[in-house]
Structure formats: structure tokens, C-alpha cells
Amino acid sequence: MIDKIFLNMTRTSALLILFIVAWIFVVLFNHSIEAMQTFGFDFITKDEWAPNLEKFGAYAAIFGSVASTFLAMLLAIPVAIGVAIFLSEIAHDKIKGFFGVSVELLAAIPSVIYGMWGLFFFVPILRDIFGGMGIGLLAAGIVLAIMILPFMAAVTRDAMNTTPDILKESAYALGGTQWDVIKDIIIPYAKAGIIGSLILALGRAIGETMAVTFVMGNVHHTPKTILDPTTSIPVTLANEFTEADSSLYFSSLFGLALTLLVMSFVVIAIAKFYFLRKVRKGQ
Amino acid sequence: MASIIDIKDECSLHVRNFSFTYKGATTPSLKKVTMPIAKHSVTALIGPSGCGKTTLLRSFNRMHDLYPGNKYEGEIEFEGRNILDPKEDLIHLRTKIGMIFQKPTAFPMSIFDNVAYGMRLQGIKNKTELEGRVEKALQDAAIWKEVKDRLKHDANGLSGGQQQRLCIARAIAVEPEVLLFDEPTSALDPISTQGIEKLVIELKERVSIIIVTHNMQQAARVSDYTGFMYLGDLIELGHTEELFVTPKEKLTQEYITGKFG
Amino acid sequence: MTATQKRIIINRIALGFSTLSAIIALAFLFWILGVLVMKGVDSLSWSIFMFEGSPPGYAESGLKHALVGQLILVGLATLIGVPLGIMAGTYLSEYGKNSKLAHTIRDISDIMMSAPSIVIGAFVYAVVVMPMGHFSAWAGAIALAIIMIPIILRTTDDMLQLVPGTLREAAFALGAPKYKVIMDVVYRGAKAGILTGVLLGIARVGGETAPLLFTSFNDNFFTTDLNEAMPSLTVTMFNYAISPYDDWQQLGWAAAFILSMFILGLNIVGRLILLAGKRK
């Protein structure tokens, strides 16, 4: 009897997660119908976002999300792998421990703090170097890159550390240099873990709000250079959600939220089901 | 006190007054070991765990250098020089002295690439030369027939025994002078073990072999010379039959009759 | 130049690059950490804990409202999210196992873990704030709980699966019903792991700002009414940081410092528990 109740309680909780996910999609979809009916495909292809004219085109925000995430990944991936190599293969034990723990703890710091640092300390430097406002796509890309770096580096290092010593020794025993061992043995061995960490970092970057909301500019223009201020979906939502004053405006914001959710779902799902599975099979 | 026979044949390695201390340890793990290693023969190292046999083996290719802070003293002579010299070119040394480990260590790449790995490191790019030498090495390691149709397959799909022979093929493909075997069959089933033992005996035509083993029967089956080590000392080195039948040292006798171990 | 010499040079360059990238990355990260600590410690004072928010320029202003609000929001989210997450994880590990349903739930919850948190905020706005007609602590806590559930679910599932099957069999052999086996044997065996998962889950949602922006919203005054907008450290920090007033910005850094210490503390405790569990 109690056994049955217990089973039903746990099963209901487990099904709840499926229900919530479905519900999120349904709710966001329902609320964005008005915008979709009004603008059709123009919603994602036009970049005119003018609340006073009741015109909402999300292209700039979508482009900003994709571009800032791409920039962040481009900057963060080589550095994160470099840090991971340093922490797992180069550094001496004491340095390894200290920096290793620091990196892990930095991965836990709230992202809003990266945003505050970016606004007050990093943007002025960009302004001095490149002129202009300092805020924009480049600032957002760099702050995002720094935000995802600790997590990426920590997980990549953990994956590299799983390479058995005996496998590394075998490669050294054939006359390999340290770099030969890293590139031919450790990285291929840890491939699945490394790619997994990159995907999770990508997911974080694409949906990140607080780290970039200060430094992106929040203007609905598709940037012409990477120094131009622009916006992204999360930034638009954070800045405008509580200001929306018409049902079409609201509906457009829900449309943005739905677009972002679909983007992140698709990226993660493709990565998880196609890419990772392929890598695992190869091993 | 140690009883070391004089080897009349040519020697490939000479260990002289060699002591080794691990990082942070106060006493050395090997104490002034002196030991000749005969060329084109199999020398087995036996002794209870912790006796230093693996430590000695890993000194021949300076494997200990991967973990900083260890200390070598004395001399190991190879090709007319002391390989313990801090200036020794370790990359060159390790291509001359290969190693096989306790567990098969197939790299995460194809069977072909595994065997070609050492040659590629040496800069051999010519495809026909690589193919020829890979085939030769696989044949010499008695695994060619089993893998010739799947050279492009991942090496981790092979069985344990096959992987270990693949590792041997990989090691002999770079044509070393000496091969070090560190308990090569400890992770294998009896039939694979037999295969590896047979291979060891065949290979001594071309290389000098040093094999560390837990298993005294294995030492008796494959080796020409056997060294018995105990607590960092080489107690006795002799012809294998003599050492097992008429050991000169009391400790050796006690060990091979199973009084301790 | 021989192939080996070339390899040695490439080796030096590659290792040099790795070390350099590590130095650059760590310099940036320690810069951020340094700013956080310097600014935070600078702005800390007892008045922060004694006073609630005031208009800029008033000496008697503090973060009491945001601190209490933060604790209420995270506490409430924990009360909702942890039991649901643990029960769902229990189902996956003990009942669902390798069934198709269990795998689907695992996959979906993995994807949920990467879902943008601001979208969760928008969802809760639509289903809680709009029907109620106003922002509320409940809405904020629900948003945080939704983010928390998949984290707790996955760690619970993983940790329960680590409990050896023989332990369960031994308990069944004594005639215990399944729920008893789970409660008395399985949970006990996975205690440290689950606790760590819970702490890390709390740490994770404790740092969230985006899902609170339009659910619990913000308030400059002390409140414990769950049906009203409720201040939180993160949203307060956000609002104060973008304000043009020096004293508000100072409070923003103090909030950032306090929150970071809280989250780092949870992370460290979580790790220690896991380490202690492993040593046993």
C-alpha cells in the first residue's frame, strides 16, 4: 500500500519535468501567436524594433545572440584548452591544486558579477583602445568568453585527467614529447568529455543574460562592425519585459523568449544526440 | 653478499653501483645495484612486491623522469655511454629502449596508426614504407593475420591479448635494441599469456629483453638469465636453470621454494 | 633539421602557448576576483545588515531587505525544488532504470539544465504573475525551483545508481518492502552525494538574477509577504550597479561580495562533504 503511494509520488515527480517542459513551450507559443500572426516570418528576418510604431522585428536580437555566442566560443575554446593543458600536464602539483580550485570556484560566481566587472572595469579599457562607447558586440563576446572560461577549463581538465598514466607513459616510451602525448593521446582520449564541456558552455553562453546586459548596448541594430552596440534576445527581455505596454509588444517579447528557447534546445539536442553519440561510438 | 655471475656473451646494458631514490623518500629504493644484461637474450627480474624490480626496469628508459624529484646515482651503460647522464637525449633513448606495460595500452586511434605512431614520430611519412613496416611489425608480433582486414578499425575493439601483441608490434616497429616488459601478462588470460611468452622467446633473436614478472614459472619458461631482487638489492643473478635448481643464496632459495613472497 | 628536432621545437612552442593562455586567463579571473573582494570589503559595514534600502544619498541605507528577501526566495525554492527533484531522481534510479521513459526524462532534464534562465522567468510571468495580477515572492521562488529540479534530479539519479545493488538485495532478502529499502538503505548509502547535489543546486539558483527580474521583481523595502514583490540580492545588485549614484553602486558591490561568499561557501561545503564521504 505505502509502496504504491511511494511509487506514484516519485513517478509523478519524474513526469512533472516532462510536463513543465511541454507547458513552457505551450505557454510561450500561445503568448507569441499574436506577434507571429501580425508579422509572420518578418518577425525573425526584419531588424526594425520600434515599440512606438508597433513594429517588432527580432533579427538584430537573434543576430546579436548568435554573434556574441560565436565570438565568445571562438575566444574561449583555445584559451580554455590551454588552461586545461596547463592545469593537468604542465603545472607543478602545488600550483595545480591552488589554480585548479580557483578556477572551479570562479565557475560558481554569479554571472551578474562578470557583467558588473565588464561595465565598470573592462568597457573603459575597450573605449580607450578602440574609441567609441566601448559597449557592444566585442565587449559582450569577451565578457561572455571570460564567464564561460572557468567552467570550460575545469571540465576539460577533468576529462584530460581521466587519461590513464600508463597510456601516457606508453607514448613517452616510444619517444614522444610532452606535446605529442597531449595531442595524440590525451586529447583524443578525453574527446567526448571535452566536447561535452564545450556544448554545455555554449548552452550557457547563448542564454546568458546578466553578464552581457550591461555591456551590449541594448539597441536594436544589426551591428556593422564588432565594435557596434547591439542587443541579444536575453538582453532585450531583461530590459524591456517590465516596460511592455501593449499586447503586441508583450507578444513579441514572448516570441523572442520562444525563439531563444528553441535555439538553445536545438543546439543542445543536436550536440547531445548527434555529435556526442558519434564521438562515443568512435571510441 | 650478492652472487652475480659473469656473463661471457656480449652485453647490451651494464648497471653499475646504481641507486635510485623516489621523490621525498629518505631511503633509496635501489641500493648500489650492479648487473650486466646479456645481448639477444631474455633476462627476467623476480622478487616480492616492493623489491625494486619495476623501479629498476623503469630506469632503463628513464621513465621516472616523467615525475620530477626522483634521484639517480651510479651508472647504466648503454652503447658506450652512461644513460643516467642528465644530458642524455631521452627521446632518442626511448626509441632505442622500448617498453611494454602491465596492461595493454592501445592508443585511441586505429590499429594501423597505433603501430605507425612511433615511426611517424621519427618523421617517416612515406606511405609505402610505413605500410611495409607496419605489416612487418604486426607479423613479427604474430597478430597480422587477425587484424590485416581491419587495420583502419579502432584498436580498442581488439581483445586484451590482441591489444598487448599490438603494443609489442608498436614497440618493435621502431626497431629498438632493448625491450622492457613490465609484467606484460598480468592482465591476460592463460591462452593470451602463452602467446605473449612465445613471442618473447622469438623476439630475442633481434632485441635484448628484460622482463619483470610476478610469476616464477613464467621467468623459468622464457628467460635465459634471472635476477632475484629483495628490498632494493639484487641478491642473485644467474643462468635461469641454475638459479631455480641450485640457487647460490639462501634468500633466493627461500623465495623460489615459496617460504615468503 | 631532423624530425625529432622539429618535434622538440613544436613541443616548446605548444607548451609555451598553453602556459601563456593559462597566465592570461588566470590574470583576468583574478582581476575579477580582486575587484570583487576590494570593492566588496570596501563597501561592507554593519549598517548594511541593519537598514533597508533608501533613496540615494541617505546614510541609513543597507541591504537588510535584499538579504532577507534572498534567503526567503532561495529557501522557498529549495522547499519546492529539492523534494520534487529527489523524488523524480529516485523514480529514475529505482523504478525507471533503463526504460525508455526514464531515458527520455534524463535527456529532457539535461536539456532543461541548459535552458536559458530568463525564459523560465518569462514562463513564470505568464503562468503566475499574470493571473495573480502582480509580482510576488511565490513567482520568484517557483522560477528558481524550476531551474533547480533538473539539477537535483540528475545528481540524485547518479548518486543512487552508485549504491551497490547487493545492498538493496540484502535488504529485500530481509523482507523489507521496496519503499523501506529505498528510504532506509539506498538513501542512507547516497546521503553525502545527494546532500552535495542539493548544496550545489542551491548555490546555482542563489546566483540567478534573470529569472527573478519579472517574477519576484524588486522592492527597496523590507517585506516578508510572499504575495508581494520581494527584493533579492541579485536584482538589487543589478539595479544598484546600473544606477548613476555612487552610494548605490557601493551597495551593489557589497551585495555582490556577500552573495559570492555565500555561494563559494556552499560550493566548498559541498566539496568537503563529498570528500569526507569518499574517504570513508
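Think of it as A, B and C in the order they're written, each chain with its own count starting at 1.
Everything below uses one rule, namely that a residue touches a chain if its C-beta (ideal position, glycine included) is under 8 Å from a C-beta of that chain, and two chains touch if they have at least 3 such contacts.
All values reported here derive from a predicted model rather than from experimental measurement.
Q: Have a look and report which chain pair racks up the highest count of C-beta pairs in contact.
A: The chain pair sharing the largest number of C-beta contacts is A-C.
Q: Let me check something: if the centre of a chain is the mean of its CA atoms, which chain is farthest from chain C?
A: Of all the other chains, the one whose centre lies farthest from chain C is B.
Q: Give, as an integer number of Å, the spacing between the C-alpha centres of chain B and chain A.
A: 49
Q: Give, as an integer number of Å, the spacing between the C-alpha centres of chain C and chain A.
A: 17
Q: Please work out the Cα centroid separation of chain B and chain C, and write it as a whole number of Å.
A: 52
Q: Give the residues of chain B touching no fewer than two other chains, as numbers and ranges.
A: In chain B, 91-92, 121-122 touch at least two other chains.
Q: Residue numbers in chain A touching 2 or more other chains?
A: Within chain A, residues 175, 177, 180 contact more than one other chain.
Q: Residues touching two or more other chains, restricted to chain C: which are they?
A: 4, 7-8
Q: Which of the residues in chain B come into contact with chain C in the complex?
A: 91-92, 121-124
Q: Note which residues of chain C are touching chain B in the complex, please.
A: Result: residues 2-4, 6-8 of chain C touch chain B.
Q: Which bits of chain A are touching chain B when the two form their complex?
A: Residues 92, 164, 166-177, 180, 184-185, 188-189, 191, 282-283.
Q: Mind pulling up the chain B residues that touch chain A in the complex?
A: Residue list for chain B touching chain A: 61, 63, 66, 68, 91-92, 94-95, 98-99, 101-103, 105, 107-109, 117-118, 121-122, 154, 156, 167, 170-171, 174.
Q: In their complex, what parts of chain A are in touch with chain C?
A: Listed in rising order, the residues of chain A that touch chain C are 2-3, 6-7, 9-18, 20-21, 23-24, 27-28, 31, 78-83, 85-87, 89-91, 99, 102-106, 108-117, 119-121, 146, 149-150, 153, 175, 177-180, 182-183, 200, 203-204, 206-210, 213-214, 233-234, 237-238, 241-242, 253-254, 257, 260-261, 264-265, 268-269, 272-273.
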